[in-house]
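Chain IDs A, B, C and D follow the sequence of writing; residue 1 opens each chain.
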Amino acid sequence: MNPETIIEKINDDIKDKIQEAALTAPRRINVKVGRERLNEVLTYLKEQLGFTHLGTISGADLGESFEVVYHISNAVTTVNVRILTPRAEPKIPSVCAVIPGAILYERELQDMFGLVVENIPDPRPLLLADDWPAGEYPLRKDWHFNRPAEIIPGGE
Amino acid sequence: MAILKPILYILVYPGLIFLMIYSTFCEWYDRKLYARLQNRIGPLHTGRSGILQPIADIIKLFAKEDIVPEQADKGMFTALPIFALAIVCTAALYLPVWHYTEVPSFISFPGDLIIVVYLLSLPTLIFFLAGWHSTNYFSAIGGTRVLTMLFGYEIPLLLALLSPAVLADSWRLLEIARFFQGKPLLMLVNIIGFFIALIALQAKLERVPFDIPHAETEIIGGQFTEYSGKKLAFFRLLGDIEMVVGAGLISAVFLGGFPGGLLPGLAWFIIKTLFVISLLAAMRAALSRIRIDQMIHFSWRWLAPLAVLQLFIVIIIKGMVS
Amino acid sequence: MEYKVALGPQHPALHEPISIRMTLDGEVIRDADLKLGYNHRGIEKLAESRTYIQNLYLTERICGICSFSHQTCYTQGVEKLMELVPAKRGLYIRTLVCELERVHSHLLWLGVAGQEAGFESFFMYTWRDREVVMDILDWISGNRVHYSMNTFGGVRRDIDDLQKKKILDSLGLLQSRTEYYLNLAASEPTFVGRLAGVGKLSKEKAISLCAVGPTLRASGVPMDVRKDDPYAVYDEVPFEVCTADSCDVLGRAVVRVKELIQSYRIIEFLLKNLPEGPFKVKAPRKVKENEVYSRYEAPRGENVHYIKSNGSDKPERLKVRAPTLANYAATIAMLKNGFIADIPLIFAAIDPCICCAERLVQLDDARRGESQILTFSQLRAMANERYKNVNFKKKDIAWPF
Amino acid sequence: MSIKIAPFIPEMLRSLFKKPATVKYPFEKTPVPPGFRGNVVFDPPKCIGCMICVNDCPAEAIDIIRVSETEKKFKMILHNDRCIHCAQCVDSCPTKTYHMDSEFELAVLNRHQLKIEYKKD
């Protein structure tokens, strides 16, 4: 099994479920899917091709929409499964049913981007402080942090 | 003179003053040896080679803020450290260190071995009460661990101390010591008992590998979690004095006591207790902390049967000797 | 009777703040839950407003122990974005520092395991020996903790023959000492008794919970980024992926020990085959729009940086996933039905680096721009305030026993 | 590997008679290795005011101010309380204006004392 055969297999088997699949770098495959098909694609990758290890889930703020990338690896290659979700309705499906280890990453996404993960087993905030104000999502591009002036204690 | 002697006995030697000074010295010795066994230096800067470090620690603790938890029973919480310290100091008075003459110390009586063992068990109960009254989960866990451990080591300790007493045909520390001074070769009979008593003493002092009740990486300070300031200082001092008394008890019972009157007796006391403390320090350095279930398992699987075996050996030897 | 205890955020077994909320039944843990977020510094957000070169040192400061892991992971990602081929000698030196860092981290872990198990002598001996490798790192990089060896296109400092000889000499000493002490520790019944059979994590569970590093390898899964996705010069270096099948803390210790021995061999190989030539090449300052998913085998497991560039000299997004975060889910599974006494060992067995795992967020006070220096009395007043405001019911605070 | 009783005893006894490994640091100074990254030292005559170091400094610890409008004279303010001693400025500078010394005991009671000004006389 090598990246080329994997991408062939993906194109053969689930062509109808994905929007795009390409080999972007050595040992990296980019797959674009619609968010409603995410769980099906991940199940296929896990069960047919042995992609069991979810490296992480990264989010990025693209302005109009949020991009969520699931980095999932097996022994030879890594597939970046990419979904887009509009800013107006930032919902993504939970993948915990397929990959139980995804829970912490999904909670992190909720905290940082304000994405709503549907059917998440444990929706509590993970990383932000207890008294963090609701509705503030620090990794969104429109969230700015104004650095306060530095105060050096003591006299001159 | 008749009144002066008990007062001197209680206040100076082997009473409070001597105990305080000697126990801090023993703590320093223990720490220094422990450090050297680990290729470290240990205390260094307070006094010559850091000899005043334990005293400095106690002074530091006395200067700290004293906090009593809101939910705790204040009277109990405050009284426990003082009681425990008093009990251990009382136990020290029974050690046969004063004049080794035909007239034994005024406090000695037939059966004082049992009294010392009993008095050394009481601090354990006080540790449990201290943990329980702190109203802190970690303290409560520590307190229950104290009691659980007590069931493990107390019986082997008693059995181990029993065998020399059986051999010497006396329950009086002074007479056991005198018996072994007369027949030093018979000390070898009790070699198993000696090591059992050492291990049980280590457990009583709650030092590695038996520091389970206040294992700091597991339950913070165990029964002492909520204690601070003076009260913690009392508990620390208690630990040091208990170490001296325990070492003294083992030297009196297994190593032939402290013969030769006041000054040679003192010298023997220091030599023998330091020997026992060295063994305890080596044990502390060589072993890793065990779990509470492993500890109970160990004491009932190995310590208690070996103590019984020791008793049998002693009974057989006694039959052969007499 | 079941009761709840919070272990942390301040606890002697934890060297960094995290809270483990446990439901206990006597000495047995029935349930465990982690609360993170005590150590956030806003690094991911900060990285978006800094240049690639500034981020080199920012990523290094994600962690103190595996500083080089984060920096290398980031550097390799950015090099791929720049389409830059680093100098060969630079890559060899980079790999050398990687392995030296692995040695120092694993020796540190062994000491910590000894300390958590209450075995101070082992802790002292391993940490004394760890000083040897710290001195080597100090010698070749100019600092003990933050080596700052990486730059885009290679490394910043060369290694001369004297350093090479010194490293090889100390390495021999280190290797013999490590083997000697490990043999001793492996035959010490109280120590082995504390590690064996503790914190079981089955192979299936380890895979499904996405554990990484020695935690995963001790469950019999031979996953190692150095083999699966070779970076730097790992495709030229002979080494084995170390695994164990016992699935417990002892297995994790065995894996780390085997990796130590492997690392010594790798270092020896690298030094003996160090190619001649330049140790760095010139790198551009701007990066065209692209994205990269960079993987790195840190001492604690797979370290991941996801970098998105937008054509300027600053990254659009830098996502860091430290190995510790990936192991948390597995830790909770391991803690269940263990003893309280095993918590520090199980938790230490993933080699937690809590500040690695938490990188993002702003302090509330910083936003208000007020002075952040609080006096003792102010802190005390704050605590009292908070205590008064918490609406306790009398029933809740009653001591349960 | 077999289980023994107290296998550490011989090693412990050996340690007892060995010189302790402890470094008595503040009382006995240990030398730093060559190439140690200590304080940043600035050499004002060499500066050409290109500001690369200011842009590259990850800790924003360097300020370079032009002293006179006509001449190429610059003064540098080093905020040593922010400096992380990464030596990126040494690498970045095209005219080798910077170097690092081997000083590492930098603690002071007042952060203002860590602000160092280098000026060409």
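Convention: contacts are C-beta pairs under 8 Å (C-beta built on N, C-alpha and C of every residue); 3 or more make two chains touch, one makes a residue touch a chain.
These figures come from a predicted structure and were not determined experimentally.
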{"item": "Two chains joined by the most C-beta pairs in contact, as defined above", "value": "A-C"}
{"item": "Separation of mean Cα positions, chain D and chain B [Å, integer]", "value": "51"}
{"item": "Centre distance in Å when chain A and chain D are each reduced to the mean of their C-alpha atoms", "value": "40"}
{"item": "Computed distance of Cα centres, chain C from chain A, in Å", "value": "23"}
{"item": "Junction residues of chain A, two or more chains touched", "value": "153"}
{"item": "Shared interface positions of chain D, touching two or more other chains", "value": "6, 8, 12, 21"}
{"item": "Per-residue multi-chain contacts in chain B, two or more chains", "value": "37-40, 285-287"}
{"item": "Interchain contacts (touch definition) - all pairs", "value": "A-C, A-D, B-C, B-D, C-D"}
{"item": "Residue numbers on chain D that touch chain C, as the complex places them", "value": "1-8, 11-12, 21, 32-33, 35-37, 55-59, 84-88, 91-92, 100"}
{"item": "Residues of chain B that touch chain D when the two form their complex", "value": "33, 35-41, 44, 282, 285-287"}
{"item": "For the chain D and chain A complex, residues of the former touching the latter", "value": "81, 110-112"}
{"item": "Touching residues on chain B, where the partner in the complex is chain C", "value": "37-40, 71, 132, 135, 137-138, 140-141, 208-209, 211-212, 215-220, 285-294"}
{"item": "Chain C residues touching chain A - in the complex, by the definition given at the top", "value": "36-37, 40, 42, 44-45, 80, 207-212, 223, 228-229, 292-293, 295, 302, 304, 306, 308, 316-317, 319, 321, 325-326, 328-330, 358, 360-362, 364, 366-371, 373"}
